[in-house]
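The structure that follows is given in the form of structure tokens.
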């Protein structure tokens, strides 16, 4: 098992958001974490990255306990995040961002430019001069250059034009083949189902539903119950 | 002609202010610590150089060597300062600023105790003590040159190297920087050390311009604070423009409106803040 | 609450009673309270002040007016609030017979007010504010006005009747000194100065922009700066070559001992008008400079001389006996290292002023300006 999360609780200040979340994920598999707004999806991936300190529970990555480690240690162990809102370094150029994100492995700056030719054309531009789509590509490229074992994606399609969402789907779907495990938080159901092997639905800080992606796609009742769409 | 000399002179003071303020602005921008000991570090640079060189005129080589040694001591003092601030991390700006202020008082009183409470200066090094074009002090030209060189190096490191990119990234989004595996604490420490080294170096550079005395620390601190308020936090460009502007206001501005000399600097600062509350190159925080 | 009030009353009564007996017991001792800046921007002057007072006592067997004397030093930190608080402490708690010291004028004003309320006389050893005074206030230094006035008279005589430009720090000592100069200059037949340039006090690190204001037709410049600004001014004046274009006359502070070492070679040749020079040729001065040099290795500063004379005045007054405040006004001529001086009706000194040229490490006296015949 690449990732095993058990009974994870976390929150901000006194407000607890995660109330015992469990999740397992095999190497090279992608799981989509779905749920309505405010159920704790972002907190979940933040806890995996150490951006929020879990208050209890366990996160094991290839047998190694991550809970309690700081963000940098977790990153060093092979976890990367593409955060909500992209959080690109606004004063760094594309080239600089990719340069400081580099680590030894299969993913190189050239390879990132290959999958995102738009970035190559903008390599001398600063983060705050990029379009939303370009920022998303940069955030993904930044994460991939860490050659992660586990990639966390938080709402990557947010604010993107439909054509870009499609391109994004192709890139993300291709990642599984490279052996990266992916946790994808996504509101766009089509994209989620295109990328993920499995689906987990979250309600009030817990996972309450799990199914293969194809199975979930056909379960209209579950979609209506957990996402509130199509009803 | 006279205004041209004023403007040139403003450049000399601007160059000195830049070397002093660039560290302050980066430390505030990155560590979120308003280092009120920055003026005391400047003062320490001056007093240590005075102790080393004994107030006598020396060769340029010896002078430069002393300046580098003082900068190294400034780096060490920066280390002490970092260690002192560490326990207060997350305690808020006021606590940290008060701590640095307390350390500043300790440092400056210690220096005054070691030397004395009187006035001291150091003449420019041999070869730089003359004047150019009849009546402009050569040393001030040298200060401008030194400011250009240091400014150029700092700008190059900050804008063109990997280390500089790490520093800017740490200003932009330290959490995200940690999330790509970078040791943000180490980046911050480097900035703190470099900033403190530059402050003490500025103290040597400024020795023939501003005499050593009790109260020198707060005098230069106020100027450096004005520079970063005008220029904006954590911006090298802001420090450059802010320092040059303060230099010009203090020379050309004063020459044009001498009766307003006491208020001019604050008027310019207020005008900049009205135009953009986060300074000319600052960002909203 | 009631108990607390009672306790307070008891404490007050006890305090008053204690003080009364203490005063009675202390009649055989002269207690001098010295309010001195031991910290703050004036602390360099404070060091000289205290050293000179202690030197006077040491040289006079620890006695003033034949009685054992005690010097109680309090630090005003350069602020009027602290000064006033220390004055209260010295008068009420230490029961001093007289307060002296007082470097900065704002501090002296606050202290004089407090001392008047406690009926304790004050001997000012430095502060120069013109308005400072009162029935119990005596000054052995000078008023800013007289400092400038003497220089103005001399300038009219020796620098020409026109072409004067005045320059100084924009605070009471600066403006009062310049005002005195303008009036002394006019009295000597000089024309109205071409220009008066005031610089922000304590905030001027560079005098170049102000020096560039001097009109081309200027013939000479009279300046007032003290302390750090004096150093910066003297250096800037020389560095920018003004010494070759313009004659310079300065107040005594620009070439006083506290700044000379820092100004270094740029002080050479500066002419100033002051109340003292270590080079004065009289027996009192020879003895004083010798003792001071033996103790500090330096020439005495104006503040050192004034502080010595403050103790000397108290010494003479105590010798007369009776009420000290009254005696201070009846001392008459005081034999000082600066030459003899008396106090006028307002208790300010009537004294010689000296034109001094700094050369070879000392302010040489090149002319004497005697007090105006009144």
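Letters are used for the chains, namely A, B and C, taken in the order the chains are written, and counting of residues starts over at 1 for each.
One rule holds in what follows: contacts are C-beta pairs under 8 Å (C-beta built on N, C-alpha and C of every residue); 3 or more make two chains touch, one makes a residue touch a chain.
Please read these numbers as outputs of a predicted model, since none were measured by experiment.
Peer 1: Graph of touching chains, which shape: line, ring, star, complete, other?
Peer 2: Its topology is that of a line.
Peer 1: Of all the chains shown, whose C-alpha centre falls nearest the centre of every protein C-alpha atom combined?
Peer 2: So the chain sitting closest to the middle is B.
Peer 1: Which interface, named by its two chains, has the most contact pairs?
Peer 2: Greatest count of contact pairs is found between chains B-C.
Peer 1: Rounded to the nearest whole Å, what is the centre-to-centre distance of chain B and chain C, using the mean of the C-alpha atoms as each centre?
Peer 2: Those two chain centres are 36 Å apart.
Peer 1: What whole-Å value do you get for the distance between chain A and chain C if each is reduced to the mean of its CA atoms?
Peer 2: Measuring from centre to centre gives 76 Å for this pair.
Peer 1: As a quick test, compute the distance in whole Å between the mean CA positions of chain A and chain B.
Peer 2: 43
Peer 1: Considering chain B alone, which of its residues make contact with at least two other chains?
Peer 2: none
Peer 1: What residues in chain C touch two or more of the other chains?
Peer 2: none
Peer 1: Sort out for me which residues of chain A touch chain B in the complex.
Peer 2: Contact set of chain A toward chain B: 49, 51, 70-72, 75-76, 80-81, 83, 87, 89-92, 96-97, 99-101, 103, 127, 142-143, 146.
Peer 1: Report the residues of chain B in contact with chain A in the complex, numbered from low to high.
Peer 2: By the definition above, chain B touches chain A via 162, 165-166, 168-169, 171-173, 175-184.
Peer 1: For a test of understanding, state which residues of chain B touch chain C in their complex under the given definition.
Peer 2: 2, 5-6, 9, 13, 55, 112, 116-121, 123, 131, 134-137, 209-215, 219, 250-252, 254-255, 258-259, 261-262
Peer 1: Using the touch rule from the top, collect the residues of chain C that touch chain B in their complex.
Peer 2: 40-41, 43-44, 46-47, 170, 197-200, 202-206, 208-210, 212-213, 227-228, 231-232, 235, 239-242, 258-259, 261-265
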